[in-house]
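The first chain written gets the first letter, and so on, giving A, B, C and D; residue counts start at 1 in each chain.
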Amino acid sequence: MTEKTLAELNACGKEDFVAALGNIFEYSPWIAEEAAASRPFSGIRQLFAAMCKVVEDAAPGRRLALIKVHPDLADKTKRGDLLTAESNAEQNSVGLDRLSEAEYAAFDRVNTAYKEKFGFPYIVCARRQTRDSILRDFERRLPSDPTTEVANSIAEILRIAALRVDLLVDGDDRLRVHGRLSTHVLDTHSGRPAAGIAVELTELSDLGASRVIARAITNQDGRTDVPLIGGRPVPIGRYELTFSTASYFAAKSVPLSDPPFLDVIPLRFSVSDPEGHLHVPLLVTPWSYATYRGS
Amino acid sequence: MTEKTLAELNACGKEDFVAALGNIFEYSPWIAEEAAASRPFSGIRQLFAAMCKVVEDAAPGRRLALIKVHPDLADKTKRGDLLTAESNAEQNSVGLDRLSEAEYAAFDRVNTAYKEKFGFPYIVCARRQTRDSILRDFERRLPSDPTTEVANSIAEILRIAALRVDLLVDGDDRLRVHGRLSTHVLDTHSGRPAAGIAVELTELSDLGASRVIARAITNQDGRTDVPLIGGRPVPIGRYELTFSTASYFAAKSVPLSDPPFLDVIPLRFSVSDPEGHLHVPLLVTPWSYATYRGS
Amino acid sequence: MTEKTLAELNACGKEDFVAALGNIFEYSPWIAEEAAASRPFSGIRQLFAAMCKVVEDAAPGRRLALIKVHPDLADKTKRGDLLTAESNAEQNSVGLDRLSEAEYAAFDRVNTAYKEKFGFPYIVCARRQTRDSILRDFERRLPSDPTTEVANSIAEILRIAALRVDLLVDGDDRLRVHGRLSTHVLDTHSGRPAAGIAVELTELSDLGASRVIARAITNQDGRTDVPLIGGRPVPIGRYELTFSTASYFAAKSVPLSDPPFLDVIPLRFSVSDPEGHLHVPLLVTPWSYATYRGS
Amino acid sequence: MTEKTLAELNACGKEDFVAALGNIFEYSPWIAEEAAASRPFSGIRQLFAAMCKVVEDAAPGRRLALIKVHPDLADKTKRGDLLTAESNAEQNSVGLDRLSEAEYAAFDRVNTAYKEKFGFPYIVCARRQTRDSILRDFERRLPSDPTTEVANSIAEILRIAALRVDLLVDGDDRLRVHGRLSTHVLDTHSGRPAAGIAVELTELSDLGASRVIARAITNQDGRTDVPLIGGRPVPIGRYELTFSTASYFAAKSVPLSDPPFLDVIPLRFSVSDPEGHLHVPLLVTPWSYATYRGS
């Protein structure tokens, strides 16, 4: 599917509308079909609201069917062939196609246990999660009752749909589906932004391998040229941000101990709000540093 | 050897004096023998100074012989049998008896390369070092010229001797051979020392496994009951100190995000002065923290 | 009266005991007289507890009489002549003998209003207060009912008595009547305690003139040789602590802007617990600083 | 004079050009006249550079004459009548029309001493200064030699001219004559920007009265809606920025001591670069705070 403008979607025939938005909800073009009747939409938010209303107003059986057509998370047997292109990309975004054996086993256990208890697959909006947070979410949801889990599943389906709408429909009033993770290094030894500091962001994992997901060098403002994470949800999870400060101060001929008291400084923190703006700055001298949750 | 008081060492016969202090310098009782003539000593520092003077005044050949009788670092073939009890304990203190294969290979390479170049073994005061810092020290010293290395070796031998004197001779004016590493947690959310925080100190290693060397729970003053390292040199090297702050704040019913923004906070720093007092405090709220090199 | 040891007070005749402690409670030697019967005391705390019990057990009329014999605060007409030496010294400690006209008027208003309402003078333990905090305390207590104010007055009388006991009786188990205010300057630009910083402590006043109450130069540990306030209660009130940091950094040839971004740094804070240990440190570079309530 | 666009100034007749820009340099329309020949200008910077070049290329006598036509600073006898409107406004901006007697005497002393020594008036770009910094600048310049002071005076005249060009000529490529002073309050107790904090900026004066020059309430981002100083140079001088934090925390029902440990927090700092961006943030809990020079 290619990106359409809201104007095009308002003007086109119903068939084209459904062709364009049929996969916003996994294997469920009926939602686009019913929403088409509410055209024209004054904005993307109205379009998305109309689709949400179709889901909300659907009979319980149809809602359950919507849930059931979703694929299992990290199901190797369906990779490539049987997933929609959207599902494939979303699951890959969180690294579900590169799981360690231990992680794969854990995900498999999740799916099986959940499906056995509720009769439908465990659904989560993968782009808002890390592998660790999905396992944590599962542990929280498995003890729930079926009614709660139907509600949770629909909520996650709407989150998935919102991100798909954001990718497919072009317009001014974007849905609030993107967060941002940024940093800033202030050299309080010289009273200036710290330029040229190597920064590295690692997604931490309890079960599998931690992986570096962003690298940057701070610019003249002590910031990175682009956010560490931006233009997408910031996945719920644990992160470590490291700053190579000793080489920075050494390059400025600041006297250091040998070995330097502080060298590569790690800040370890968690993200809990994927759509929020999280700013994690570093105030640093060769002998001290501070950080805080900024916005 | 058992601990003696300075009074005993001043009063005893020369043979007993040499028996007591003969191993202060590895396999070199002649140093104690010559120093015995300077008795009585008004203090431990005078005793140690007298022994240092014997080494200093010795003919070059005798100084070189002193160097040559020292064992190789981490020489597995000599473990137990051929090392003095003192050497054995000292090398074990830094974990030289528990090296990984990669570390053992690195140490072996050090010794061989150094010995081939200089004709005498690489000597370092192991109690003041970590495995990583020994390899770093070696890399710094290998390019030296022989005269410099004789001087470096003698300097290290005197450091070893000072620590042995400190262990063996009891008296008021202790040699300055001990450092201290301490911490303190200040809860700036409530304006009080943070009691009950789990603290863990890990010695970091590039080549081998990092290992936890101290665990403690902060007391009512936000301090540990005893220093993290005390009563001995603080080995040169890299360390990580972690503080379990989320569980502390959760126990006090302070509102936290889920997952908590800060959970286990790591402070990574290096020690460069084994005889110094290094204080690494943490000022912390659920949303911010700061640290600095204190004293 | 001169200082006595507890042993002397336990051993002496009743008359001497009363002569020694008769003024612990203003013009009320009967309290010492009755407490004498409980001798010997195992410690100063037991002695003070016995005197408190006499007050506690006294009939309401006698308690009221005890309150009524207290002088008015800052009553110029009674200065020197009609106050006990103890009252005089205590009132002077808080500067009640050096009030501005506005302050004198305010204190006069306090006393008159309070006495008119309750029929006895406003009593407060002056050594635990500043002029401002006394006026604030008065404003809080004036709306009370008589029963509460009798209780408040007795509580203040016991605080006054405890400080007098602490001055007059020598022994190991001192009463907990002393607080401490200390500071510490950490130069996080060089990673060392800041030695040679001029520190000044001012008691702030809303109504009268603020006055400098301590001056010091930090020593090699970045501390003052003696606490800013120690060996006595730290008066409740507002304070400003200033640190001359620009001249310190200039003397170390650290590059500064012209004029220096930070020159004399003020920390403004309040004391609420006169018997507590309050530590107000400064972490400072030429471009940044931090402080916190320590202990 | 009214604002003109660069296009208008490029297109108009020479007389109109001089009429528009004749007062850019005090009583010296010849500079505009000569600069007119370089038209058209591709931008405001080129226009200003052309005027600077006229001054630079002028014969020494003419440069001296340019200096001599400038009015005395703070000369009460010339107020209103004899100053150009520009001079009047500029001098008033720094409060030179509201001097205390002590300040007026100091300024008078400056002018007289300087004029006696050099034979021309002391010139400084008043919009870049506070009253205190002018007196400091004078003290620095009075010991100079005449050649240096001619150069200093011309430099100040160019700064005055740049600000007048910026006011009079409209265009895209503004001269870099504006600085900015901003703040930001981060509540590290709750991990959020502190909204609703009363902020007050005072210009400090050694000689005269300090005066409040900005008041604001922080918004949802913990910032002020407009910079504390913006759209003009930030005058060199000393400032105090206060933050009413106790009332903020009390309103959020955060437990505080009585009186609150921190109430109105003062940050005292100096501005040295009027065209720079100076950011002075506050990170604060009820028990701690930190600030730093940001940008």
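Just so it is clear, a contact is a pair of C-beta atoms (placed from the backbone, for glycine too) under 8 Å apart; a residue touches a chain by one contact, two chains touch by 3 or more.
This one's a predicted model, so the numbers in the text were calculated from it and none came from an experiment.
The chains touching chain C as well as chain D are A, B. Think of each touching pair as a link: the shortest run of links from chain B to chain D has 1 of them. A count of contacting C-beta pairs for A-C and for B-C identifies A-C as the more extensively joined pair.
By the residue-number overlap criterion, the interface of chain A with chain B counts as same, with over half of its numbers used by both chains. With respect to chain A, maximal separation of chain centres occurs for C (centres as means of Cα atoms).
For the pair chain B and chain C, the distance between mean C-alpha positions equals 47 Å. For the pair chain A and chain C, the distance between mean C-alpha positions equals 58 Å.
The residues of chain D that reach two or more other chains are 188, 191, 257, 261, 283, 287-288, 290, 292-293, listed in rising order.
By the touch criterion stated above, chain A contacts chain D in their complex at residues 186, 188, 191-193, 221, 283, 290, 292-295.
Across the complex, chain C is touched by residues 133, 136, 236-238, 257-266, 268-270, 272-273, 283, 287-293 of chain D. Partner chain A is touched in their complex by these residues of chain C: 188-191, 257, 261, 283, 285-288, 290.
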